[in-house]
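Got some structures for you, see below.
Here subunit A shows up in two complexes: once beside subunit B, once beside subunit C.
Up next is the complex of A and B:
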C-alpha cells in the first residue's frame, strides 16, 4: 500500500520534507483510537524505510497531543531504536507546556535521541 | 461506595466549581471532548488574568491551563469510550481553591469492565508511575492490535503532570451489574502561582472590607 507523504485533517497537518529529512507535525492531534492514527503511523514507518541517517521530528507547532498520539510517537521512537542506522532529533518548543513534560519519556526509550527545546 | 487513592469526598464550599452534565448519542462527536476541555482551561485562564509584564506569572498560567486541557481531555475520552448507559449523563467538573485544583469525570461502566478497572487501579497505586509508563509503552510497541487502548492516559497524568489520582465506585440501583465511576485528578504542580493570585485577591478583599468599616 502506498503511504501518503502528507496527511491533513481537522486542525492538524503532518508531512515529510525530503529536504532536511524532517517530519513536521502541526496543530492539535486528538484523534480517537489508534486506528484513527494509522495514516500517521504509516507515514512514520514509510520515512524510516528511506534510511535517512539523521531524521528530525519537528513538533514545535504541535499545540496538543492526546495520549493515543503520545503512544504513536513512542512506538515510532522504539522503531528507530530497532533500526540502528537512524539518529533521531526532536525539535520541540518551550512555549508549549506539554512538550517539556511528555517528550522527556522519548529519551528514556532511546537514550541517543536528541531533544531540542527551543524558546 | 468504594474509594481508591486520593479521592476527596467533599469539595470545599469556597472552591470555584464548574460542572457539566451531558448525555451522549450514538453519533457523539469526539471533538466535543476537545471543546469542553478547552473551555475549562480557558475559563481557568480568564479567572486569573496575568500581565504580559510578568513573564513568570504568564509562564505558570500557561502551564496550568495546558495541564487542565490535557487532563480533562484524557478523562473525557476515557469516560466517553467506556460509558455503558445512555440513560445516565456523563459529568465533568473543575474545582479550584487555595489548596489545589481538581478535575473529575463520572460515567457508568458495566460490572465486568468495572472490576477490571479496579484491578488496574490497584496496579497504578502500588507501582511507580514512571516505571509503569515505560512498561506500558514497551508493551504497546509489541502489539499490532489497533483496537487496544493505549493505556497511557492515566499514567501520563500521574507521571508527566505529577498529579494525584482517586476513584469512587458506586452501585447504580436502577442499572443492575454496573458502577458509577468517578475519576478525580488532584493537581498542584504549578500551585504557587495560583496560591499567590488567590492571596492577592483576598488581600484586596480584606482591604476593601477595612475601608468599608472605616466609613
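Up next is the complex of A and C:
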C-alpha cells in the first residue's frame, strides 16, 4: 500500500505513512471545535479502513493538544476497540508534560493499547 | 355400524380438544420465545448503552483532566512569562539609563576634545607662525643650518596640527556637529588638485601614480572639502604603505536603481591587509596592528574620519585587499548628494 494522506494547517501537520503503518501528528493542535477536527477524524477513520493490523500513532512531536483534540483521540481509540482486528501503539514523549498523563487515560478506553513513552 | 359411530364420537371429541390445546401451547411457547429474544436484545442494548455511558464518562474525565493539566501548564508558562517580562522591563530601564549615561559621557568627551583641540591649536599656531618668521630671518641672515632645523620644527608642528584637527573632526562627527557644505564642482579638476597635493608623497617612496579620470565624468554635487580630504587620506595611505610600486587612481560612474554613483578607486601594490586586520580597519584609533603604527606612523583616525565623511554624504568606503599583494579602496558617492533636512546645514553656492 503506497497511501500517503496528509493534513497540514496553521502550526500542525498530521499524516499517515503506509510504510510502518503510522499516523504522525506534529506541532500544536488547537482547533476550536470538533467540527474543525473533522478532517483529522476522517483521516483516522480512513486509516482504520485499511485494517492495518498494528497501527502506530506517533505523537512524540505533538507539543500541544487541546480538549477537543483529546476527545478526537478518545473517539478514535473507541473505534479501534470496536474494530477488534487492529492493535494500537501510541508513541509519546516524556519531554512533553501533557502526554504522559493524558495518554494513560486512553488505556482505560482500550486496555490493549500499548503506550510507549520515549525520552 | 352404530357402535363404530359411537366409538368414533367418543374418541373424536377429546382429540379435537387436544389439538386446540396444542395450538394454544405452541402459540404461548412462540410468544415466550419472542419475549426471551426481546429480553436478550434489550439486555444487549442495555449493555451497549452502559458501555457508551462508561465511554462517555471516561472521555469526559479524560477531557477534564487534560483541560486542568493544560490550564496548569499555561499558568506555569504565564508565571514564567510574567517573570521574563519583569526582567525585560528592568533590563530596558537599565539600558535606557546606560544609554543616557553613555550619551552624556560622549557629549562631555566631545566637548572636552573640542576645547582641548582649541587649547592645543592656539599655542601650536603661535609656534608655527614664529617658526615661519625665524625661517625667513635665518634665510635672510644666510644660516642654512638654522633654516633646516626650523624646517624640521615646522614639519613636526604641521604633523601635530594635522593630528589635532583629526581629533577635532572626529569629536565633531560624534557630537553630530560636523556640517556638510554642498557645492557643485568639476570632478576632474578636484582630482587634479588632489594629485598636485599628493605628488611629493608619491615620489618620497619612489612610487608611480597612474590617474584614470576622463573629463567627461563631469560635475558632481557634494562636500568638496570632505571628498578632497578622504581622497588625500586614501592616497597618502597608499603612498605610505607602498614602496617602488604602482598606485592607480581611477574614477568612473555607474547608474544603479535610478541614482548615478561616482566611484573613486585608489589601488596600490603595497603591503596589503590581512582579513583579521580588515575587521578593525575603519575603527577610530585603530591601525592594522601596533607594529604598523611604529613603522609607518599615523594616528589611525584617517580612515575612520574618511568613512564618516562619505557616509554623511550618503556614500561609503569599501576595501578589498590581500596581504603582500596590495589594497583597493573605493569611495562611492551619489553624483547628486542630498541631505536630510534635519541633518546638517547646507550652503547654497
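Definition applied: the second predicted complex is superposed on the first by the 115 of 119 C-alpha atoms of A that agree within 3 Å, B and C clash if a C-alpha of one lies under 4 Å from a C-alpha of the other, contacts with A are read in each partner's own complex, and residues count from 1 in each chain.
The working rule: a contact is a pair of C-beta atoms (placed from the backbone, for glycine too) under 8 Å apart; a residue touches a chain by one contact, two chains touch by 3 or more.
As the structure is a computational prediction, the values presented were derived from the model and not from experiment.
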Joint occupancy of subunit A by subunit B and subunit C, clash or fit: clash
First, second, both or neither for A:35, with subunit B first and subunit C second: first
When both partners are placed on the shared chain, which of subunit B and subunit C touches more of subunit A: B
Partner chain in contact with A:70 - subunit B first, subunit C second, else both or neither: both
Contacts of A:10 with subunit B and subunit C, given as first, second, both or neither: first
Partner chain in contact with A:108 - subunit B first, subunit C second, else both or neither: both
Identified clashing stretch of subunit B versus subunit C [95-103, 149-157, 167-175 or 203-211]: 149-157
Subunit C-contacting residues of subunit A that also contact subunit B: 64, 66-67, 70-71, 74-75, 78, 97-98, 101-102, 105, 108-109
Contact footprint of subunit C on subunit A as seen in their complex: 64-67, 70-71, 74-75, 78, 97-98, 101-102, 105-106, 108-109
Subunit B-facing residues of subunit A, complex: 10, 28, 30, 32-35, 38, 64, 66-68, 70-71, 74-75, 78-79, 95-98, 101-102, 104-105, 108-109
Subunit C to subunit A touching residues, read off their complex: 55, 58-59, 61-63, 65-67, 69-70, 73
Of all residues in subunit B, those that touch subunit A in their complex: 30-31, 33-34, 62-63, 66-67, 69-70, 73-74, 77, 133-134, 137-138, 140-141, 146-150, 152-153, 156, 159-161
